[in-house]
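Below, chain A partners chain B and then partners chain C, in two separate complexes.
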Partner chain A sequence: MNAELQTEIPENSDLDREDKMNESGKYTDTYYQETEERLAEVEEAVLDIEQNPHDKEGVNRLFRAMHTIKGSGAMCGFDDIAAFTHHVENVLEKVRRGVIPVTKELTDIILASRDQIKIMLEAAYGKDVVTDAEHSACITAALKNLLAESWQGKTIDPPLSEDKEQSRTYRIQFRPDKGIFGTGTDPTFLLAELAELGECSLDGHKHTIPELKDFEPEHCYLYWNIILTTEKNMNTIRDVFIFVEDNCELRIDVIGEQANWDIETDIGKEHKKIGEILVERGDISSEELRNALKTQKRVGEILVENDTVDKDTVHSALIEQRHVRKISKKQQETVSIRVATDKLDTLVNLVGELVITQARMSQIVSSLDNTELANPIEELELLTVELRDCALNMRMVPIGTSFGKFRRLVRDLSADLDKNIELITEGAETELDKTIIDRLSDPLVHLIRNSIDHGIHTPEERKDMGKPRVGKIHLSATHRGANVEIIVRDDGMGIDAELVFAQALEKGLVSEDAELSRAEIFSLLFTPGFSTAKEVSDISGRGVGLDVVRREIDSLGGTIRISSEVGRGTAFVLSMPLTLAIIDGLLVGVGPERFVLPLSMIEECAELTPEQIAKTRGRNMTPIRGELIPFIRLRDIFTMSGTNPSIEQIVIVKVDNLRVGIVADEIVGNLQTVIKPLDRLYRDAEGISGATIMGDGTVALIADIPELIRCAKD
Partner chain B sequence: MDTEIIKNEKDGFALLSIIGSFSIYEATRLRDEFIRCFDAHKGLILDLGEVSECDTAGVQLLCSARRTAQNEGKGFVIEKPSKSVINAVTSIGLDSGEVLEIQRLSREALFATPPEG
Partner chain C sequence: MNEAANMTQYLTFTLEKDEFALEVVRVREVMDYTHITKVPRMPEHLCGVINLRGNVVSVVDLRLKLGMEAVRKSENTCIVVVEVRIDGEMLQVGILADSVQEVIDLDDEHISPPPRIGTKLNTHFIRGMGNRGADDFVIILDMDKVLADSCTGAVMSSDDVSAEEHQNVTLLQK
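Take a look at the complex of A and B:
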């Protein structure tokens, strides 16, 4: 069937095509987005099969993605893409059948084809790229060449392709012999093994266990009904019981296939119940229906009363029903729709406004002492919080979506540099705001390039150093409280702190007598214009990189630090907020004005007394816990009027291992708040990253602490 | 490691604390002890807080003891079941609430209205 699918090239009459082009405008966007996703899948799958040439599922995924690109390309009027992809698909079809083996040559061509399709797609979408027809012809020729070789029967491998088993639900009835314990088998282990195969509902039957006087401790009385939904086949399930087969009664039946639980069929089955119809027609009230239903007995109860079955059996059937329901519900959950990001942004903004308005209402009601109003307002508050979380959640996507591109980067770059490097990713399912993921992409590319270029040596050099020939880069993402920690770690040469210090000294970035910790020395690498690479390469090492990375991370409200050991490797640790729309902050006051300081940077709060100020002698430094801390007065830096109170509040923040005090008149308290961008006129205001509207309607400015420190330094 | 059984009496109930393993190797000894307790007392309180290991045979024994108590009108309370006991029950698809009857005030409730006979 697939052979048929892949050989047809859609041919359209001119008239036909014109119609399609007219109509296709609205499909173009969808095709573009979809194909971009498919291309990412292609990339991922190629890299998968390159690592494991026997990965049937990878080859199938690859084939399906290309097939979709071709099919919908032809449908939406992208005939050149369809025609080009057709050649790729032909080759992949042979790979599926094991006629063409998975080789480096093949994966190179497929990746080149992918890139070519991407360029064609962007050109068709009106982006500023030019398709190179010659290059395209080259790839096509190479693809045809692969096909020609396969026809000569050069390579015949055992067939690769076999479609993945469809997910099925099995009912397993397992009744071990009484003496099973005697063989040293505890059924627990078998049941645990089954649970590993898929979604499993266990139902143990214990009604045959006798009273103590008749109880034989070494007999197994229990038996089980198990409902298992899995992609594995019957034989795999039987294999679990292979060592007890002679010591048990075992029956395995298929009770459902995935396709049986399509939403449509499920909906089709849901006929209205007679009671519902009667209520709808106004013949009875819903109250009357409820009362009538209360007296009605469930089938299970009736059967138990008749002694037709025992309670245990009914319970077991209920478990089966629940399992099937749960699975079909899960399948419904995977249904998704595509929503434009700007619509989502509007939603998040509106919800933000709602949160603010609701906070104002709550404040007003609390001063009114009106209990009648207080209850619904409280409910409104709960609903708003839920709505806010829900809206923000919609923007969350797993970071793994961007991991694929890094694998390609590592593959291509390490090949260019004759290095052998493997990228290991972890925590792909960790979710972050889409905007953050998009904007993190460039910094991460830079860090990974950095590791490939400077961190990891060639296989020969590594061997001489007693390291494995293959270098490793770990890219991981994990949740840490309200943040996500992303780590790029290589097992390369590491960074020499002394060398960094010496270079910083040479460039006049530090004074000779400066006493810096290792972390502080490493953070010098983020200073603009700093580069320790002895020669500039076209990959990285132009000395403009890490400071740009840091600035981008800062602007996203994140932090970055380096840890490294010479000879062992280097790790860049990024800590990012989950979302840009909400901030956990500390509200402080200067005169009538309110400022929000991001809680993630705050270490502690203290008082600044007149005695301490007297000791500073106008230097804006004060000792806190034995360390001399420089401080910035918000009133001074924003040139606000008013006089400082006798006792001021100092909030100690930590930025790049530097502890700085931010001085305000008073500390108001913690606040979780929605960030609103500033008007265009104020967007360039230094030291302010946004604003928020408080419950009483006043505006509080959100302080951009790294920026404030930079301003103060200048 | 040998399993230790500490036996006490309280308000007419036998109180057994099991320390160590609660498995097929101890099942016969424990069954006999349970029978003695039910015969001589109003009921049995099992403290399973120190059980380090429990298997399917152990769980069956608990079910049997519960059945005995029900049939003979005696009290039977499992106290502080340890994690391994709870795991053993749930991992074979039994309802831990039903098998272990985990209720907060069960012991006090039991003492307030001792069962007849």
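Take a look at the complex of A and C:
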């Protein structure tokens, strides 16, 4: 009877696939994103275990990632991916059990499988790639081979499990002696040092401070209880206090370890409480229990009332409890939520406009001189700044996500060129705005390729030169003030400044008698069309040169410079702002108009007097501390009307190791403000990179200093 | 009489002595003249940018673009913020107008095609001539076309079109 209801469901028909994409579009979109992430994990894990064959955790990660790809694939109807991945999973299962060892053969096959899965994924989503079924069969055969090889009798010793650095929670009781100030110590510096080691909750105790009449200002009456969660060990913590050990009481206890922290075992929840038992047996109702508990005072309160202990001490203990709870919660929930980037963009835009409106309100209120309004306005300002930082922070992503990609690049490329090169990364956890990271990806790839192709020699050549056979490329990212510094350094042959100069001379980029510093010579490499490679190799030097790299970095508001030593190596140093949305600038005025100069390029400000101008007889140059600085007058280059004031202001900027002065009528002040891009009608505006809205509601233009300099040169 | 005979609402505004009309649908808002920040090294008709509720919006002097003399600021001068499509992108642009008049209804019957002869005013920009009744015509502009050229900075020099020729255009309409 049910036969009538059964219909034939064609398997794997094209219609089927289209349906999957259209009906449950969102559902399969998720699969795509998630699988991409799993594939990235696979790549990273393989490279990890290649370097460290006994990394048991790495093998586990690899297996889990593959397993998820297979499972989700089967669930979402991507049967071909699931079937293919199944073979990989079988092999990995054996690796996990220690039956198959980690060898280059294995890692090569797994990487090839990963690439194939990626192609299959993209083909399934209608992207412009075609799956080579023969290639799939080839890989599958290789995988089956690995399985079949009898590894029995070659049992691997259980690999030593690598101990990842444990994070522990310490309680530090720091009681400085009264006379500690006499040693020139400021305890707050020590506390700041501690805070840098990890997540820190401080609690200062003030109750030993005597009344004013007994108070001696040169004595220290404070002491601190600090709860610190860090991966560093006890000695590192002790080192913070190394100079004051004799002038204080110091006690450091371990109160929690990451591995066995379990909030459930906290505070004796192992046994059922009396109240719970009574409710279970039906002797009282839960309502009655609640009422009874309400009348119960908390332990802390009772103790304080009895004077057994003072409020500060209880407060301290509460802070410890709170800190520990926070840490364990964090460890349990590395939960994240996937948010579409355009939702984030909308949020950041709205917050940006809120900041602007709030700045205007603040300005209006300050001119009103109304004390009642002043307080809430100030609070509003603080909240708005926090909200802005929070919103921008959401777009911050650790740069490590890019670093993973480079490892594969270095491995494959150096294999192709028969060079032995190791990529060392540092600072993967440094966070940057996602857009900046995405756009930096290509330039960094280019720089790394450059190093591998032109910078580093083959192992034989290196040995002949007395260098270690393995070349190193060092990729690091660190916070430096308001910027992130990214360095790509190799220990290859370095750049010959004289050769560069000679080439520049040939191309007519410099004159023969030009005196350039080494840094300035290296800057020449960024000129379009410059290439010191004798032949344009397939890998790099394709005309996608350093000039493109520099332009991209410029457009992100960053800077790049080269430093190099022949025979030792070359370093490319990039300095990127943390975010694209906000600019730190100097506001200058020319007549009634206002312009913003990016603070990152500014070195100093000075006055420009008629006498100084007279000294150089009309050529736009002026001596500043012994150096002749050329200057650009904003009024002139922007063809604005009005007359220059007798005393003008000159702002010295440094671009590409060149110092130039930007002359304006007056310097208004610093400002930190949201960047508003100009729309396409002003796309070709020369010398302007954007606009911003100031506190009084008017628009100020942001000057594009490198472009102004280029315009002035013509 | 066909009631629903494609009645469209237009906002009329003046530039010098001429009256122009724009589809109300394209008009976002009308605001009083406010400080315009000039963007340097740009063609004359791109007079600068303003702050529109936290957004930076470009302002165009339509008179210069259409070949007349620049807008002379008076107390009636205002900025009409319109939505235009340039290169497939929707954009908000402010237009300087000498004064804004009223909203009128026009149906297709009362719109004639733009004059093809006797005017140096670029008829490319004109979608049609609207008859408000009693032979009182307004020039209906095609905003997208007017501003499309702005990107490349094509400007009609005010020397080309004299005031007299403008008279000719209006005379022809009658």
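As a working rule, the second predicted complex is superposed on the first by the 504 of 714 C-alpha atoms of A that agree within 3 Å, B and C clash if a C-alpha of one lies under 4 Å from a C-alpha of the other, contacts with A are read in each partner's own complex, and residues count from 1 in each chain.
Just so it is clear, a residue touches a chain if its C-beta (ideal position, glycine included) is under 8 Å from a C-beta of that chain, and two chains touch if they have at least 3 such contacts.
Predicted, not measured: the structure shown is a model, and the values here were computed from it.
Peer 1: Which of the two partners, first being chain B and second being chain C, lies in contact with A:274: first, second, both, or neither?
Peer 2: Once the two structures are laid over each other on A, A:274 reaches no partner at all.
Peer 1: Give one of first, second, both or neither to describe whether A:337 is in contact with chain B, with chain C, with both, or with none.
Peer 2: In the superposition, A:337 touches no partner, neither chain B nor chain C.
Peer 1: Is A:242 touching anything from chain B or chain C once the two structures are fitted on A? First, second, both or neither.
Peer 2: In the superposition, A:242 contacts neither chain B nor chain C.
Peer 1: Going by the contact rule set out at the top, does A:382 touch chain B (first), chain C (second), both, or neither?
Peer 2: After superposing on A, A:382 lies clear of both chain B and chain C.
Peer 1: Of the two partners chain B and chain C, which one touches more residues belonging to chain A?
Peer 2: C
Peer 1: Now for A:685: first (chain B), second (chain C), both, or neither, which partner does it touch?
Peer 2: Touch status of A:685: second partner only.
Peer 1: Is A:614 touching the first partner chain B, the second partner chain C, both, or neither of them?
Peer 2: Touch status of A:614: no partner.
Peer 1: Touching A:187 in the superposition: chain B (first), chain C (second), both, neither?
Peer 2: In the superposed model, A:187 contacts chain B only, not chain C.
Peer 1: What residues on chain A touch chain B, complex-wise?
Peer 2: It is residues 181, 186-188, 191-192, 201-204, 206, 209-213, 215, 217-218, 220-222, 224, 226 of chain A that touch chain B.
Peer 1: Name, in rising order, each residue of chain A that touches chain C in their complex.
Peer 2: 352-353, 356-357, 593-594, 637-640, 676-688, 691, 693, 697-701
Peer 1: Using the touch definition up top, name the residues of chain B that touch chain A in the complex.
Peer 2: Listed in rising order, the residues of chain B that touch chain A are 24, 27-28, 30-31, 34-35, 38, 55-57, 59-61, 63-65, 67-68, 71, 88, 91-94, 99.
Peer 1: Across the complex, what residues on chain C touch chain A?
Peer 2: 35, 37-42, 46, 49-51, 53-58, 60, 86-87, 89, 91-93, 147, 150-151, 153
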